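Same chain, two partners: subunit A is paired with subunit B first, then with subunit C.
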Partner chain A sequence: MLKIKNLNAFYGDVQVLYDINLEIKEKEIVTILGSNGAGKTTLMKTICGIETRRTGEIEFENESLMKVPAYKLVTKGITLTPEGRHLFPELTVKENLMLGAYSTKDKSNYEWILELFPRLKERLNQYAGTMSGGEQQQCAIARALMSNPKFLMLDEPSLGLAPNIVDTVFDIIKKINKERGITIVIVEQNANIALNAADRGYVLENGVIRMSGDAKEMLASSEIQKLYLGL
Partner chain B sequence: MTIFLQNLINGTISGSYYAVLGVGLTVTWGVLKMINVAHGDFYMLGAYFFYTLSKMLGMPVLISLLIAVAGVFLCGMVIERVVLAPSLGRGKFGDTPFILTLAIGIMLENIAQLVWGETNVGVPYFSDAIYEIGGITMAAQRLIVAAVAIVTLIVVMYVIKKTKFGWAISATAQDIFAANLMGICTKRIYMITFGIAVALCAVAGCLLAPIYGINPWMGGSIQLKSFVVCIVGGLGSIGGSIIAGILLGIIESFSTQFLGSGWQNVIAYALVIVMFWVKPTGLFGKKE
Partner chain C sequence: MKERFMKFFDNSIGKIGISAVFFIVLFIFPIILRGSGYGNESYVEGVLILCMMWAAMTLSWNLLMGYMGIWSLAQQVFFGIAAYTSAMLNYYFHMSPWLGFIVGPIAAAVVGLIIAIPVLRLKAAPYIIIATMCLAEIIRLVFTNLVDLTRGELGFWMMDSFHDIGSINFNGVDKIPYYYLMFIIFAVIALVCGILAKSSTGLAMKAIRDSQEAAESLGVDLTKTKIKVFVLSAYMAGFCGVFYAHYMKILTPTNVFGQSMMTEFIAMNVLGGLATVRGPIFGAFFITIIMESLQGIDDYKLLIYAIILIITTLIMPNGILNSKAQFLSWNKKIKKLLHKNADKQPTQMVKGDA
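Coming up: the complex of A and B.
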């Protein structure tokens, strides 16, 4: 579904991603692991064409994304839930959700999303900035789903959340994948929970892909255990 | 008592225009994150467009008003796209848009001078009627002016708070990165927002032209008042600008009564200084 070939990315003159090659198939959950500063968020932004200058090739459903401006990705079925959520704090939850469907103009997902996130249903008229971190994360995922995406990228969905809320969020992620067949990419520092949810994984280190493979095998690999699972 | 009421009403009416102008400037700041020092010159441009259409070409007042406002809206969008857009959002050159608006202002004033001349011109009142109720006299012109201001403010508030397009404007102001991800073309939002902001100036320019006359430098004091309204209301706050605008109008009206009209601009500045002492973020501003 998404093919990345020899992707390089730069902030100004500084190169931050080197020769990235990866492929994500339909209906998969793929996780991209790595420590702080490894380039995970940069990779997400580069796929969207935000902030960085890039060379190489990004193909989505056999169509190049290299010349597509960021704001047009939604209409192609690609959505990113950015790190730190980036909700519109002074708009209500409902207005945030409606903006999720801004360019697709298709609100058919609304009822399903409210069922998926009962917490949000109770808080539709509350300002998004006044909610707790877990609720904001749910709102960010819900907002992304409003555009009816085929391909959903989640950047650090567990960041700053209490462990039991992380479980809730990942249960919802798995449910989205199963019920709607939405392809999901999860960028995570929390390797344990991400590998348990994913089918496959990649490890990013200093802007280079170091490892890739089946999620179950990666969980068992001694190197991953040592570096990312703290075992 | 009648003097008090008379001043209150006069102040509210001129204040409603400061509100319209202040909302324009505050929206420009909130969305484009830029100070527009040519704001007052679009007020002048609107007045001249109106003068050209209604007096020189003899078109009906309402049609002249609509065309003049639409004309300034278009000019604003073109100027944003051609002059400002290339410099906006470039961290390293943060002051460039500000200086560009300075240049735009100078150009507009000189163009006006070339096209319409240096002398004051005027347009007739829309209505010469004068009403008197309980000792308070009120020219119909001022009532028309107030009604248009109120309708304009209501329309702007409605569009921003209740329509999807308005949410997109708010979203762009609050988080441009996320707005892009939502599929909002933020460049277009910038362009339209700037157009709307200067169109608000044009509304004020057209309606106040019969009262104050028209010349190429009429935007200067309006620019000052718009700044005052923005700062007192809290930068980026539309509701704050409306309240601050009306407040400024009322304060000016009373100060003219008791101190003479020469003190108007001093009072406006004093209001800003007091605001900085009491609450630097403005009435409804947020802490940064």
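Coming up: the complex of A and C.
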């Protein structure tokens, strides 16, 4: 579905990503792991064409994304939930959701989403900024789903959440994948939970892909255990 | 009863009803005034014309600042450019001031576009403030120094009043024609702002204010939306400028391009409440009427003005009309306080009751 070939990314003159090669197939859950500063968020932003200069090739459904501006990606079926959620705190939950359907103008997902997130259904008229972290994360995912994506990118969905809420969020992610067949890319620091949810994984280190493979195998690999699972 | 009253204010039918009543009262006000036999009606009408003009200007700025969070401090430039364009075309080329309403706002919109382009590249508020303030100052200095064309600080005053339409006479003796002309401009601008705020563009504007990154990731075209709103805001301000030029009939660079006018818009908008339609209207009427009624005490009125601003920003930082939550919490506190006092003096209460 998404093919990345020899992707390099720069902030000004500083190179951040080096020769990234990735392939994500349809209906997969893929996780991209890495520590702070490895370039995970940069990779997400580079795929969307936000903020960075890039060379190489990004293909989505056999169509190059290199010249597509960020705001047009949503109409192609690609949606990003940025790191730190970036909800609109002074808008209500409902308005946040409606903004998700801003460019597709298709609100057919609304009922399904409310079913998926009963917490949000109770809080439709509450300002998004007044909710708890877990609810905000759910709202961010729900907002992304409103655009009816084929390809959903989640940047650190576990950031700042209590462990039991992280489980809820990942359960929902798996459910979205199963029920609607949406391809999902999860960028995570929490390797354990991400690999448990994913089909495949990539490990990013200092802007280079160090490892890739089946999620179950990676969970068992001694290197991963040492570096990211603290075992 | 009180609950129902509060709910009425909150739902949209209540809001539309209140604004309809406000505009109807404003519309029939001159008739009531004349019927009441009050001697100085043209003064009161003059004040209300100013109120409506500043309200319209503040509404136009509110689109940028309140809804979209763009710290542009150059709103007075759009006003001034439109005013000078119409006045100078009228004097040098004998263009009808009525045509000014077509040419002036377009000139303002073009300047809006020119200011929007550098602002688009800036994301942090301080840079936008510096860029827009500098642009405003540059334009003011140009108009001050183009003495041959604009007469500089001596003031440009040779333009006509609006030409008469049939028996409607715009000679300025009777303020009624000007009052209704301004009323139309004000009402249309308020209506456009109200509709825009409810539209999907309005939602996109608020999204840009809260998080540009998230807005972009949801498919909001930042560049297009910002340019659209900048041009629209300038275009609206242009109408006020053209009206001002042929109503006041004197333009000086300090008056129409100076920062003091911009400061007024900020004060009016913040006092009334940002990102609403009623906020700027309330703020403009409130400040203009208070300042006018304090004319008698000369310079001390600025002191009172400052005190009002400080108090409102301290206790109602979201603006007077956006402070319902604050009012409710005060109400609770007062009730608690009264309740405590009642507990302390039970015997007296009984005596009192008996």
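Couple of notes before you dig in:
FYI, the second predicted complex is superposed on the first by the 231 of 231 C-alpha atoms of A that agree within 3 Å, B and C clash if a C-alpha of one lies under 4 Å from a C-alpha of the other, contacts with A are read in each partner's own complex, and residues count from 1 in each chain.
Keep this in mind: contacts are C-beta pairs under 8 Å (C-beta built on N, C-alpha and C of every residue); 3 or more make two chains touch, one makes a residue touch a chain.
None of the values given here were measured: they were computed from a predicted structure.
Placing subunit B and subunit C on a common subunit A by superposition gives a clash between them.
In the superposition on chain A, A:S103 makes contact with both subunit B and subunit C. In the superposed pair of complexes, A:L159 makes contact with neither subunit B nor subunit C. With both structures placed on the common chain, the touch criterion links A:H86 to subunit B and to subunit C. When the two complexes are overlaid on their common chain A, residue A:L114 makes contact with neither subunit B nor subunit C.
When both complexes are overlaid on chain A, the residue A:Y71 reaches subunit B and subunit C alike. Looking at subunit A, you'll find residues 48, 50, 69-75, 79-80, 82, 86-91, 95, 98-100, 102-104, 143, 147 touch subunit B in one structure and subunit C in the other.
On subunit B, the positions that touch subunit A within their shared complex are 164, 167-168, 170-171, 174-175, 177-186.
Across the complex, subunit A meets subunit B through its residues 48, 50, 69-75, 79-80, 82, 86-91, 95, 98-100, 102-104, 143, 147. Residues 200, 203-204, 206-207, 209-211, 213-222, 275 of subunit C are the ones that touch subunit A when the two sit in their complex. The touching residues of subunit A, counted against subunit C in their complex, run 48, 50, 69-75, 79-82, 86-91, 95, 98-100, 102-104, 143-144, 147.
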